[in-house]
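There are two complexes below, and they share subunit A, which is joined by subunit B in the first and by subunit C in the second.
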Partner chain A sequence: MTSVTLYRPRATFVHQGVDPFTKLVYLLCSIVMAFAIPTFWGAAGMLVLNLGVLAWARELKRSLQTILGSLLLLVTIFVIQGLFNPANRTLLFTLGPVHVYQEGILFALTISFRVVNIIAASCVFVMTTSPARVMDACVRYGLPPKAGYVVTSIMQIIPTMLTSVARIREAQQSRGMSMSGNVLQRFRSFLAVFGPMVLSSLISIQDRAIALEVRGFSARTKRTFYVDHPVPRGMVLLRALLLLVTIAVVVWRLAS
Partner chain B sequence: MSLREAFRFRLTTMGIVMIPVAVGINFVGKEIANALNLPMWLDSIGTILSAVVAGPWIGAISGAVNNVFFGLTMDGGMSILYGITSIAIALVAGILGHLGWFRSLPKAILAGILVALTAAIVSTPLNVALWGGQTGKVLGDAIFAGMMAKHMGIWLSSFVDEGVMDVIDKVINCFVVYLIVLGLPKRFLQSFQPSSTTIRQ
Partner chain C sequence: MIRVRGLTYTYPNSDKQVLKNITLEVERGETLGIVGPNGAGKSTFCHALMGLVPHFYHGTISGEVIVNGVSVVQSHMGEMCRHVGLVFQEPIHQFSGAKLTVEEEIAFGLENLGVDSATMQERVDWVTALLGLADLRRRNPYELSGGQMQRVAIASVLVLKPQVLVLDEPTSQLDPAGTAEVFAAIEALRAEGVTTVIVEHKVELLVEHCSRIAVLVDGELKALDTPSRVFSRADAEHWGVEIPRYSRAYRALDPASESVPTTLHETVERLRDYELSHRG
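Coming up: the complex of A and B.
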């Protein structure tokens, strides 16, 4: 049974020294800035910063793999926009019968910076932050505990479901189900595995609901926390700084 | 029951427990489709199913939680923005389910087409803003490139790019949901109805 999340615990400052909520603020600010930042130099600076943080967290290699995952799509964006962007006027170069235009390439460059920046910033968050700790922090800052339950239980449900899928698949294969064949045959195998899994997990919902109710899930009292996670010093300042920079970038965008 | 009844916001314990299960079903559906090398995603069965079984709001929350969760734990942020599409899919599927469209096969397929159109309408602006109109799926992007070459405009090209892929995918999603609803015991479906539950808050 493998973990479904990309988080790996490590002993770096980004992992241990920055609290989960601050990293969440960092991610949200980065997404806003990726859209708002007006110049290529700004976007490039942001990318260097993101990669720097990733290197600091010793997750550069894994995050570059994630970024490379979207590379093919980015390349096709350059091709399609360079050739066919409606705003294309200025000819950049000609390759045989193919004309590549400057406007399309610039547009593709804007998009690529945006995408890569968002992915890099999410890598900072995703790879260095325990999802359970994020939910813990969010519930402390006023998220309803029920929402906390929903997200935490996803992390428990998925491995359980994958185990039951493996079991159902073996059972069906022993009854003669084939994993290959044409699309229709494979779709029938899909139903043979997927159907029992869904039905059994839906039926278990009632049991879960009763089990939760018995433990006071709907009680309207104030919840207490089992473990205490103190927020490291200076993090409130860092959050404020991140918000200020984001506002500044948005203002810069509106002004330029 | 009127449509207003379907949209009354009730967060029962059954509904809340449905949400993580729906997200899990989305994930596992996608995984099995991948393992079997099927040419579609089948990654919104849980969202549609929860909308049909537990109502549009639970479906919408499942859709949003689905995208935020996977955006924050696995696929690097981009999918969070597509949460809006998941919410729209769930709302439409929830209304159609309430009207009984998932109880007959022809209507379920029609529901798939309507869900696909909704998904395409909501996704197109996102595709244009994020990827310049592309979807990253070979068939759709080939159509996109062809339409862009004929100067048919980025919006129409992007809509067709997304729509072609969505219609195939969502019709099959809805077909699977139809089969599952068919197999569910009545007692289970009734436990989501307002009057019959003992575990309601």
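Coming up: the complex of A and C.
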């Protein structure tokens, strides 16, 4: 059994040279900027930056796979906006009885850039940062341990659920449940996996909560640290730069 | 060390009393085994010793639970872990999920309690040596075998130096090798004088390591005595608890006997006596 995380240790600057708290600041700034950046070119530039960082971290392939996972969502956005956006005026093209409009497609592009940028920035954080280091980093910078633990748990939730789903699916198949067939059969098999997954997740959460309690997680004392992880030089500057750029973009957006 | 008086508990949104007027005492350094069928209230009793009942689960509680002179009901959960350590069934669920190595995982509780760095190092050194984990200190805790994981789980609560260690079915998920590892660790704790309470279905292993056995059935304390006296009782077969095979075999040989042996060693001795007395 291995730890459930998307993080893979690699000897790159993004993995080793940037501390977890700075990467968390990068993620939060990226999310704010994804909504604040007003132009396509700005959003495209941000995407290039995110993909560049992922390439630098040698995580481009895995993150593109993750981004492709959102393809259905993106296609849905384009179809709905292209056809039904209330601002639709300029006909872009016609496909039989279907009319697709320029305003809707441009709006869909804006939303898609936001989605892809947020996923890419999340990949930078999740794939290059050990969840084990995140909590310590957050607590060192004054966040309550519970808040730090929430961030760590969020980083582990998807792989944990995928592991759980795989185990439940095997168990259901071993008892004769078919996982293929028509839509109705697939829906039935989905329910057979979904119910136990929710139940086992709730039990795991309770077990984990007890495990933390019995080890003094809610003790009213100032935490200490077993291992000292020195923060690499230049991180304060990098964080300040990220925050400044984000604030500048937000102010620019509000003023324009 | 542990004093329980009239402990009665009901979970929230339930009318059923899970623990019914339990009264018992455990001496300092004693190892008490708890047996009982599923749903007897064994785990709830363990949680009551730690304060999870009622602080975590809430519900209705009456009676008193005093551990190391501290009233569990009136104390904060975060403080109780200084007095009581709780280890439960699934070793993997006991890990914090926030540490990369075995030694960091073991030190997690010390960090929460604000223990200084030098003391942390000293305690981790002590507990890893005691439980045979010294070679595994740099390993990822999630990559260990079941027995090793459970030893890490025990170490991670023992490092807090609690006066009482409560183990709730610590070997239920383990193979025989893992089970042997855990019981070797329990034996090491006994040698250290740690007061230990163990809930376990593997009765034959339990009687080897415990000075007394408590039998819980449907929330009631049916028996509390030495293993031999407990399993010699006429009503023992009606509790839904496995009776050691040595006891059953001896009972079959000598149905009139007032007491039965529970371990291999005791059985060999008793069989020698039996043979001698029947030769004469």
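The rule is simple: the second predicted complex is superposed on the first by the 178 of 256 C-alpha atoms of A that agree within 3 Å, B and C clash if a C-alpha of one lies under 4 Å from a C-alpha of the other, contacts with A are read in each partner's own complex, and residues count from 1 in each chain.
Following the convention adopted for this analysis, contacts are C-beta pairs under 8 Å (C-beta built on N, C-alpha and C of every residue); 3 or more make two chains touch, one makes a residue touch a chain.
Note that the coordinates shown come from a computational prediction; the quantities given were computed from them, not determined experimentally.
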Looking at the overlay, does A:Ile118 come into contact with subunit B only (first), subunit C only (second), both, or neither? first
Tell me which partner A:Phe225 touches in the superposition: subunit B (first), subunit C (second), both or neither. second
Between subunit B (first) and subunit C (second), which, if any, makes contact with A:Asn50: first, second, both or neither? neither
Just checking: does A:Gly216 make contact with subunit B only, subunit C only, both, or neither of them? Give me first, second, both or neither. second
Return first, second, both or neither, reflecting whether A:Arg208 touches subunit B, subunit C, both chains, or no partner chain. both
Mind working out whether A:Pro145 is in touch with subunit B, subunit C, both or neither, as first, second, both or neither? second
Larger residue footprint on subunit A, choosing between subunit B and subunit C, goes to B
After lining up the shared chain so the two structures overlap, which partner does A:Leu6 touch, if you call subunit B first and subunit C second: first, second, both or neither? first
Need the overlap of the two footprints on subunit A, from subunit B and from subunit C, as residue ranges. 4, 131, 134, 149, 153, 204, 208-210, 212-213, 217-218
Show which residues of subunit A lie in contact with subunit C when the two form their complex. 1-4, 130-136, 145, 149, 152-153, 156, 204, 207-227
So, in the complex, the side of subunit C touching subunit A is made of residues 50, 52, 56, 76-79, 81-82, 85-86, 88, 90, 92-100, 103-104, 107-117, 120-121, 124, 140, 142-143, 156-157, 160
For a test of understanding, state which residues of subunit B touch subunit A in their complex under the given definition. 11, 13-14, 16-21, 23-25, 27-29, 31-33, 35-39, 42, 45, 49, 53, 65, 69, 71-74, 76-78, 80, 129-132, 134, 136, 141, 144-145, 148-149, 151, 153-154, 172, 176, 179-180, 183-185, 188, 191, 199, 201
Mind listing the subunit A positions that touch subunit B in their complex? 4-7, 27, 31, 35, 66, 70, 72-73, 76-77, 79-81, 83-86, 107-108, 111, 114-115, 118-119, 121-123, 125-126, 131, 134, 146, 149-151, 153-155, 157-158, 161-162, 165, 179, 183, 186-187, 189-191, 193-195, 197-199, 201-206, 208-210, 212-213, 217-218
